[in-house]
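Below you'll find a set of structures to go through.
The two complexes that follow have chain A in common; it is paired with chain B in the first and with chain C in the second.
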Partner chain A sequence: MPLIEATGLTKHYGPVKALDGLDLAVEPGIIGLVGANGAGKSTLIKILLGLLTPTSGTATVLGMDTVRETRAIRHVVGYMPEHDCLPPDVSATDFVTHMARISGLPRAAARERTAEVLRHVGLYEERYRQIGGYSTGMKQRVKLAQALVHDPKLLLLDEPTNGLDPAGRDEMLDLIKRTGTDFGITLVVASHLLGEIEQVCSYLLAIDAGHLLQSAPISNFTRRTPVLAVEVEDGADRLVDALTAKGARARRDEARVLVAIDSDVLYDTVRDAVADLGVPLVRIRQERGRLEDLFRDAAPSDVSPAAGSVQ
Partner chain B sequence: MTTLPTPTPTPTPTPAASLGATASVTPTAPIAPTAPAIELRRVARWYGNVVAVNDVSFALGVGVTGLLGPNGAGKTTLLHMLAGFLAPSAGEVLVLGRRPHRDPSVYRQIGLVPEREAVYPFLTGLDYVKFNARLQGLRDPEGAARAAVARVGLVDAMDRAIGTYSKGMRQRVKVAGALVHDPQVLLLDEPFNGMDPRQRIGMMELLAELATSGRTILFSSHILEEVEQVGTEILVLVAGRLAASGDFRAIRALMTDRPHNVTIRSSDDRRLAVALMADPAIFAVELTESGLAIQTSQLTAFRRLIAGVSRTAGVRLLEVVPADESLESVFEYLVRR
Partner chain C sequence: MTAPRGDSTGTRTGSIYDLGYRHYEGKRNGRLYAMWSLFVESLRGVWGFGRPMSAKAVPLILAGLYALPAVVQLAFSSVITQQAAKSGKAPELLNYQSYFADFSFLVFFFCVAQAPELVCRDQRYSVLPLYFTRAMGRIEYALSRLAALVLTLFVVLLIPALALFVGDVLMKPDAFKAIGDELPLALPSIPAGALAALVLGSLSLAISSFSPRRAYSAIGMVAYILLMEAIPAAIYSIGSSSGPNATDKLFLLSPLTSLMGATNWFFGVPLSPNDFAGTLTSAGYLGGAFVTFAVATLVLMYRYRRLPA
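== the complex of A and B ==
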């Protein structure tokens, strides 16, 4: 049974169609949800949480209908909203305990679970201080903790790294990954940062204008292409000439030299050409597709086919 | 944090070398070609006892520069001093050779995209931009506003109220407002925030294009892979101090106390490891699950010998990747000292 399933899911706000007959089936894992602004990501999340009623079509979470079984769904779903929504004048401990109580945990269990999840997200002594004095990174952790406190099977994270600096982002991404593996739960991560999704997610859902655009494992988008990218400190032109003279198909792409890999011997051809010229070798790497290519309208060139087209 | 062992900041006026030839779009009010567009001389700014910016000096010419630093490092304070909102507590801030604080004639040459969403929700996109055009005293506010809106790709939505815009659209309308008077210097605080992937790509291209047409652009961002795509010039602030400035690759090269790490995959890692270890340029070789991890203090020497050594050893080179030359690694080295 798929964890999340939608059939012909449609939501209209007056004349605006936020979702337009969306069909999807999501298997467990860490799932990246991407889409242009206005593509319907937030609407989808709200329907899955049972906060919005679809205009037509159905959605289920763990087999439960999002309209008829809203309360049951809330027991198994955690949600980390994007916007700043924390009360400034209570401590993290009090706030998360309160959220646990709202979810129906008895007082003692709520306290224990709170201590546990706050430790998991990396809040220690600070948890007794008022949230108002927290940094952005600490607030994000509290938001994650309250989403986890009732031990959900599915976690929906809306832009979890928004506003974080590079170190904070790395920590949050690591935390998301650990949450997925340690707790063995499914996470849906909505983000605009494709690099981030490539780093933590195993599966990609892309929606565009209320439709499903792509639904596939991340590895489908980032698979290797039959192109070797070679970077040398200087003498890229000489390298192209030398490779061409040896019968390889090579061309210059800004600072790099792109060579078509037609057989394994090509690696030796490249190595020998570089050694003969005596130019400093910076990098040799097989080109990979990138998620970003999904959003670029670049025309595929002869030696470097666009990743999406390699099926 | 006390003094940072600064890896020799390179405060040379940076030419837009990384962006190639300058295009022929006419910038307004030409400036003396040698004067840097932005210059800070021993600038400090404090709020009571809080020191936001501490003894910072640098100069920027034409081109794009990324302003980086952890939260609270002083990036926004720095941008606000350049925009004329704040006077420095000490030192001198110069934009096009003049002090911007309380000098409206300098404002004519500055465009600022603030981080906060300082837009009126009831105005249409076009009206907002036109409002900025009139504020700048432009002769043809309507024409200038329409051109700026077109530049950021908002023509379809320009007659809608800003309140109905998505975050990415609001961000772009702010950029249009900052561009409407065709300023020489553009300051952007987290311009990519809230934009979706396609809008991000569009914004990066716009910044690159403005730089090639002779503008000076300083933008702050936390997304290092994006900064890397826009340009290689960076300014790094850490706890109010300038930790480094210039081309990040040059900054990396100056970190002589950090050995360079390179990872290699080959047809026979063990044999290659033995061959490499024989060379004095290499002082550590580790066999890992994914290949070989090499440490060298002489990167160029290593780069010259790697192809030859593997040929002599009869090993096929499948992958050679510098492991700590990216902006991400350079930033981490600068911040975690």
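== the complex of A and C ==
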């Protein structure tokens, strides 16, 4: 039995088609749901949770219909919303315990599960402090904890790394991965960053404008691309000029410099250019397939200045 | 109540303290339990338990203010008795049926301060989706919150009645006889308090639920009460030069006025013409109060059906 199944799923908001005849069948695992903003990720998640009724078509979760068996589904599903959803003037312990009780856990069990889950997400002594004083990273952990506290079979995470710094992002992704592999819970992780999905997911669903674009194991998507991404703290423009002067094909992509790898000596060229300019280097890594590439027919190796406008 | 360690498919070797993730296989209660949990949490929220001290101050001060006249009378009951004995006249005391009429605006302030606490926070901080994706429906959510506010108001309304009762009994020389005398006078306070709690609770919660901001909700409630008290009185007074007229039915729209009239019904006293213009009887106001409660509750439920999650 597929975990999630949808046939002809359509959702219209007035004239806007958020989902347009979506068909899916997903097996358990860690599933990445990618799409640009507005592609219909959140709408799909909300339909699976029974928060929205589809305009037409049907969806099932663990074999239960999302419209007729909403209540049964909610006992086995945990949801971590994209937006902030925590009141600031209660402690994490009180809040998660309360949410556990709303899920039907008796008082003692709710307390025990809360302590356990908060430990799992990495909140220790801070859990007795008011949520209002937490960092974004800690708030994201509390959001994950409240979704996990009633031990769901399926977790729906909507943009779980929103607003996190790189370290917080990596920690959150690690947590997601452990939740999926060690805890044996199936996760659907919605994100617009393919890089994240690639780190943690085993399967990928790509949707665009309400249609299913791709549905396949992750390895099909994230082959390394012949592009080197150089992250510098500043002086990106100078670096692009220097590299271009040395004959490399480079262009700026926000704070990063993307360089086409045409030969093995390119690595040395980049190293020398960075050293000569003395720009503060953050990291150099080989670029992988990215969401934009998935939604664009252009070859990801194309980094000539003409293809991507300098931002 | 958690079951033994769940299957660990990973190869990670946990530290000696790490028991690993354990699946929960204990009891899961249904929606009535969820409603009860939210009701209890709401009661704690209204009184500020589990919140900073500042959250406790407002409800306690307002509830205290409403009870203050009765408590003062209780505190000075021995003095009042001595004075009465000296002068030979029966002391003029606060009585059960007029207490609400005289001080109901303080209970209304309690609603203005605390009803938004129950319904605005979850909207403002977008907590509602977490409820609605659990075993809790929208209507169940609204009714649990309403029940908590109504119970709170009921307690607030009954504290002064209890203080009056104790004070009156203490003032009499024969306490046991006094209890027998006072009880029939005091008991109608219970249904009257319940009615006032239902009407004020549903009305203030329905109005508050339309804004995620406490301030706007409070302004909305104050504006509603002011307009609904003033407009019917103005319309009535325009036409009243030629005696009572049909526009006195509009007083049913004034929440505080109609509650005063309705609570008098339980005490079985006729409405004083000084306080109540027009021809409506206390039974008429009672009917009006029930209609107000029903409409406000329906509006509250409608609002929660429509709220986006």
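As a convention for this text, the second predicted complex is superposed on the first by the 226 of 311 C-alpha atoms of A that agree within 3 Å, B and C clash if a C-alpha of one lies under 4 Å from a C-alpha of the other, contacts with A are read in each partner's own complex, and residues count from 1 in each chain.
Heads up, the rule we're going with is that a contact is a pair of C-beta atoms (placed from the backbone, for glycine too) under 8 Å apart; a residue touches a chain by one contact, two chains touch by 3 or more.
In this text, all values refer to a predicted model and were calculated from it rather than measured experimentally.
Of the two partner chains, chain C is the only one touched by A:Ser103; chain B is not. Look at A:Pro280: by the touch rule set out above, it reaches chain B but stays clear of chain C.
Of the two partner chains placed by superposition, only chain C is touched by A:Asp94; chain B is not.
When the shared chain is aligned, chain B comes close enough to touch A:Ser135, but chain C does not. Residue contacts after overlaying the shared chain place A:Glu112 against chain C, while chain B stays out of touching range. Overlap of the chain B and chain C contact sets on chain A: empty, with no shared residue.
Within the complex, the chain B residues that touch chain A are 68-72, 166-169, 193-201, 222-225, 300, 303-304, 306-308, 310-311, 316-322, 328, 331-332, 335-336.
By the touch criterion stated above, chain A contacts chain C in their complex at residues 46, 49-51, 71, 74-75, 77, 79, 81, 83-91, 94, 98-99, 101-106, 108-109, 112-113, 116, 120, 130, 146, 150-151, 178-179, 181-184. Listed in rising order, the residues of chain A touching chain B in the complex are 34-39, 135-137, 162-169, 192-195, 233, 264, 267-268, 270-272, 274-275, 278-286, 292, 294-296.
Put simply, chain C touches chain A in their complex at residues 1-2, 6-10, 12, 20-24, 26-31, 33-34, 37-38, 41, 50-52, 55, 121-122, 125-127, 129-136, 309.
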